[in-house]
Every structure is written in C-alpha cells, then in structure tokens.
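Look at the two complexes coming up: chain A is in both, with chain B in one and chain C in the other.
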Partner chain A sequence: MGPLIVNDIISPDTNLLMAFIIGIGFGWVLESSGFSSSKKLAGLFYGYDTVVLKVFFTAGLTAMIGLLFMSLFGWIDLDLVYINPTYLTSAVVGGLIMGLGFIMGGFCPGTSMCAAAIGKIDAMVFIGGLFLGVLIFTEGYPLIEKMYMANFKGYPRLSEVFNISDGLMALLFIVMALAAFWLAERFEKKTPAPEY
Partner chain B sequence: MRTRIIISIVFLSLGLIIAAIPNNKTLNFKMSAEEMIEEFNGRYQFISPDEIADMIISEDPNLQLIDLRSESEYKEFHLPGAVNIPFTDLLDDEYRYLVDQNLKINVFYSNGSVTSNEAWMVTRQLGYRNNYVLEGGLNYWAETIMNPDRPEQTSPNEEIARYNFRKGAGAALGGGSIEPANEMPEPVLPAIKKRPQKKRAQGGC
Partner chain C sequence: MTKKDKSKKYINPYLGGVLLGLVLIAANFISGRGLGASGAVKSSVVTVVDAVAPSHVESSDFYSSYKETHPTPMKSWLVFEVLGMIVGGFISGTIAGRLKLKVEHNPRITSRRRLLFALGGGILFGLGSQIGRGCTSGSALSGMAIFSVGGIVTMMAIFATAFAFARLFRKNWV
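Entry: the complex of A and B
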C-alpha cells in the first residue's frame, strides 16, 4: 500500500494486515484460475498454454494505466512509487537462475505456495528448494557480493531511456502487449498440449 | 473472441488518451522560490553537531556522512565513516546511488556550511530525499565537539550537561580528555531528537 504508508496514513502493522488480506485474495484467485497446476507455467515454455503471459501482462497494463491516470488526476505522486534499482549483471544472472528454476519446477514462488496449500507434494519440494536457495544466497553472499552489485544503472525507466513521454511509452507498451497476445494465441493453437 | 476484442479496444483507447495528454508537469518535483524560502526559514536541513556526534558514537547504521571537500582535505581529516564526494563531482553517476536514495540519512559537510548548503539545495531541487547538512560544518564541529567552551559554574544544568556530553563525545571521537565541568549528581544528556526514517514500500513478484 505504497503511498499510504509513506505518508503515515496507515501504520506498518496495518500495512502487514492489509498485505495478509490481499495475499489471501491473490492466492484464492491464483488457485481458482488453475495456476496451482505446474502445467500452466510449463505450458508457456513449451507453447501450448500462454495464459501466464496474458495474465501477467494484463496485470502490468492495468497497473500502468491506473498509475498514469491517478497521477494525471493528482491522486498519486509517481516520485513516491518504488522503482527497483537496476544492477544489470545480477539481473541477467538472477533471471537465468529464476527461469531455469521456474521451468524445472513448474512453479513460480507465488503459485508454489498455492499448490502447496492444496497439498501438492511437488510444490512442497519446490518450496524446500526455494528455502535452500535463500540459505545458499545468504551464506554465500560475501562470495558473490561483487557480482551482485556490479553494473549499477540507477533507476531507469523505459520512457527515459527512449526519451519519450510516459503516455506514449504506455501506448507503445499496450500495442506491444496486444500483439504478443495475438501471436501467443496463434502459437498456442499450433502447439497441441501433450498428453500426461 | 468478442470479449477479447472489447478488452483490446478499451486498453487501446485508454492508451491513446494517456498518450495524447502531455506529461503531467505539475506533479514533477520542482520547488518554487517560495517553497525554497520556506524550507530555508524552517532550517529543516540542518542537523546539529550534537546529534551527529551521538549518531556516530552509537554507530547509527542510518547515518551516512558525505564529505564535500577535496580529496586531499578529506585524506587529511574526515569524520568517522564519512565518504568523500568532492562538491564538483556531486552529480556524477558514480555517486548517484549515494546521493539519491531512501534508506540512509545523508549528512553533507564541508569546512563551513556554504558548500554543504549548496549541495543540499541542488539535491533538494532534484527531488532527492534524505539529504541534510551538518550545521556550521567542520569549523563549528571543532568548536563545539572537539573544544567545547567551558560553561560558567552558575550556568543552568542543561548547559553543563551539554558541555559534559560534548567533552565525552570529543574524547570518544579523538579529542581531549574527559573532565566533567563539576560534580553533577546525574548529568542529563541533551535531548537528541531522532529523525523518523521514511519508509518506502518495496515491490516484487
């Protein structure tokens, strides 16, 4: 609940409570739309089910449009919105490791929790691996710190990189997303889901 | 298929609207002259040497001292834990992660307070947060913390307590010896007001 907590409208404790409630809602929606099945995430990789791409891209679009309009109406100060700092090397290395983990396990951290909650053993193993990874990262941090902090690029935004207005970037992004959805669905029709 | 087309049209038209509207300039961070005057009058940017000394001694992890003087001056003497960013290099990309951040309390200092005030003003105009100025700079620091004036025996208790604190702090930070002004039963330390650290919600999948 970004701006609320920064402006001391709600306390950090209330923030945690709200996160808990929103988290339950998120988990419920994930499970009821079938994301707790590892076939969904694997489907994106093999091309027979691109719903993950569509859902997360649509979520991004909704948030982007919402933020831009709220900023336009003066409801939110975009300067207060957290932007992940970009460390290029660790982004590339971490992305590869995460991607490999996703496709090997068939879950992302969120969906693995969902699947574990409905009793899937593979998801529990996945969570075990997740904690193992956390442990290795934490204990091995001094070894990788140099690489972890390498290539710091500040807090770049696409609109700043291309030197165009936020709105135009948003429109381009929407067009790109719709094109990606269309291509994904065409691809999906051509690739039959494997029989398990 | 129909819903997909409808949703696509909704997204596209919203995108067209937002693209047609120029960037909202009113919300970009830019302080007017009046706001700047107000900030100066409030003297919000200053942190007193006593507060800094207390933070250094208690090893406050939020404190980040930034020495704006030249490298040679920095090498000769600098406050414990300070990093050197010569004023001319203040806006270099190399130092951006230090100057524009939301985790630590940055305290600029130079010999006086003119350079550090200039640095504060520049960063404030850029919308960077958490930057402050050591009141009076190193000169005032030397005057208050390293060689505090001995108060009169008839001074109010707070003043004697402040002197004792400064004397102690000075000793801890490499100044003279500890020697209380008089035998006070319980020296009351001057109230150090801690600045609340602004939190920022972090995101992630």
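Entry: the complex of A and C
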C-alpha cells in the first residue's frame, strides 16, 4: 500500500498538498513543544532544558517502531522509502559545521522557521544567514566537490552494518534513549534555567 | 510567576515527540520520504540566483545540473512542507498567545550581539546542511528513524560539536 506516491495511489500534485499538510503538523508540534525559543533549544547544551533531546529521540523512536510494525503488517514497503545516502566525509564535516552553527545561532533550519512565524527577529536573521550559507555552498561548490563526494558508502542502514535484525536495532535504540532520558531528567533538575 | 505560567503552555516533551514521530511516519507512508527544512532554502537560493544572474547559472556546472534534475525548483515537496511549517507554527503560537515581534536574548548580552550570532550561526548551518546533505530534520531525525548510517553519523557530529563548543558561547545563553 504505502508509500502512496511511489505506488501511484496519489498524484504528484496531491503529494505536494500532503507536503503542505504534513508541514503544518510539523510546525505545529515544534512550536508547541517550545522549539520556537532559542533559549529552550540551547538549554540542552548547558543542561538547564533538555526538551530538544526528549522530543527528538521520542520522535525518532516513534517513527522507527511505527514504520517497522507497518512494514511487518504489509502496510508500507520500506524498500521504496528514501534512504539518505552515506558519504562519510561530508556527513562528518557537515555535521561539525552545523553543530557550531547550532550553538552560535540557537536554532536549526526547521525550528527557525517556526520561531520566525511567531515573530522572533533573531530567527528571521538566522534564516537570512541560512540563505547566505547555502549561497556560499552553491557558489563554492567546485572548491569542495572532491570532499563532498568522498568516501561514498552507498545507502547502508545501521542494522545491516552490525548484521542484526531491524527489530533488535530498534530495541538497542530504545535502551539508549531511555538511558539518555534518565540522564537528561537528572541534569535538568540540578541545573537552574537562566531567568529571561 | 508569569515565567512559570508561560512555560506551562508548552506541551509535554514526550507527547510532543510522539506527535512529531507520527508526522514523520505520515511523511514516509504518504510521500515515501522523511521531513526536511534546509532543502527548501536551497530551492529558493537557486531560484533567486537564476532570476538575478541567468547567465551565471548557465555557466556553472552546479546550478545547471541542479536545474536539470529540478526543472521547477519551487514546485518541490520541501518547499510546500516548509510553507506548511510556517503556517503550523503560526497557528500554534497564536493559540498559545506567543505571537510577539521580539529579539529573544539573554539580558547579559545586547540584542545586537544576539543578532550577530544568529546571523553567523545561520550561515554555518546553511553551509553545513548542504555539505551534510540535510539538516537536523532531513538528515539527523529522518535518517535515524530509518537507520541511515549517514544520517546517524551527521546527527552525532551535530550534537557532539554543539556540546564541545558550548563552553565557548556560554555567556550568550546562561
């Protein structure tokens, strides 16, 4: 049955409409979880507010488990779902640059859209920065092309790398996430949030 | 007291996580893909550059091959999704009474300093998201849900770097 677009159950235009509706859900959840505030987002890195970790990992686990069960029931063919390619060098380099941008700017691209939508001027400036950063990439592409394409490993999934079943992989993620939630709750209680 | 009341209006983070997970499942089930954000910025940048300097786009390998694979960059899944995000964030903020034009910043720093760092952070995040083939949404979150090695590596690099540099920017936040 799923994915609906790949199996021609919906048209490409309907798919774009669904993208808009999915986006509304995405933005709604982010904003109502507090992701429209850079103070809350940056809190993870100082331990005074760990909402990012809790929402992020709960969402990842929910989707992971949900998709595995849906595939088990034959509702979705996971072989037809887009898997991000793995270019090891650029995955690390990009992540390093994004991490620095995160702690400096207090937003990531998605959260900045939500924050700008409720009037945060810092988020609007961050989005201006995003445009400049992307422009630096598109203009400077010839200079970094070699690094960008280096160490291509195909489309591996972590369960295949460890040679274990998807279910066991998901279980390991659940255990790690529970440990992370426990630690996060402890740190948060001990660390007072700044008053502003 | 007013501060406490304000934070009460946010939903429980674990509930928020489950709801976000359901949105991500919907994206995979309906559209066969994960969520994203930075890709929409890329579509917009290519569109603007194409409008301002069409000859430059013609002569650049990068732009011309992007245009070949994306003949109508603004009619893309991520552009529509991000437009939805802005609407969804606006609705949620309106209901909760959080609509306000302001620069949110620690009183220990000036709003000018906050904005400068927001700009710098945005530039880095924009560049990094292109190098990493996706940001926190498209690469880290969506990648993790389907066990993508590249997505998980990027996710670890993002969070580890932010933690590693936290001390350096402490004054801005705490």
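Points to keep in mind about this one:
Keep this in mind: the second predicted complex is superposed on the first by the 193 of 196 C-alpha atoms of A that agree within 3 Å, B and C clash if a C-alpha of one lies under 4 Å from a C-alpha of the other, contacts with A are read in each partner's own complex, and residues count from 1 in each chain.
Going forward, a contact is a pair of C-beta atoms (placed from the backbone, for glycine too) under 8 Å apart; a residue touches a chain by one contact, two chains touch by 3 or more.
Computed from a predicted structure; not experimentally measured.
Once chain A of one complex is fitted onto chain A of the other, the partner contacts of A:Leu178 are limited to chain B, with no touch recorded for chain C. When the two complexes are overlaid on their common chain A, residue A:Pro109 makes contact with chain B and with chain C alike. Look at A:Pro85: by the touch rule set out above, it reaches both chain B and chain C. In the superposed model, A:Leu130 lies in contact with chain C only, and not with chain B. Shared-chain residue A:Leu61: touches chain B and chain C both. Comparing chain B with chain C, the partner in contact with more residues of chain A is C. In the superposition on chain A, contact is made by A:Tyr141 with chain C only, not with chain B. In the superposed model, A:Val29 lies in contact with chain C only, and not with chain B. Of the two partner chains, chain B is the only one that A:Ser71 touches; chain C does not reach it.
Of the two partner chains placed by superposition, only chain C is touched by A:Val161; chain B is not.
Of the residues of chain A, those at positions 2, 5-6, 15, 61, 78, 80, 82, 84-85, 108-110, 155, 166, 173 touch chain B in one of the two structures and chain C in the other. Residues of chain B touching chain A in their complex: 4, 8, 11-12, 14-16, 18-24, 26-29, 93, 96-97, 100, 127, 198-205. Contact residues on chain A toward chain C in their complex (touch as defined above): 2-6, 10, 15-34, 36-39, 42-46, 48, 51, 54-64, 66-67, 70, 75-76, 78, 80-88, 90-123, 125-138, 141-142, 144, 147-148, 153, 155-159, 161, 166, 169, 173, 194-196. Of all the residues in chain A, the ones that touch chain B in their complex are 1-2, 5-6, 12, 15, 61, 65, 68-69, 71-72, 74, 77-80, 82, 84-85, 108-110, 152, 154-155, 165-168, 170-171, 173-175, 177-178, 181. In the complex of the two chains, the chain C residues touching chain A come out as 3, 7, 10-11, 13-14, 16-38, 41-42, 44-46, 49, 60-63, 66, 75, 77-78, 80-94, 96, 98-107, 114-115, 117-166, 168-170, 172-174.
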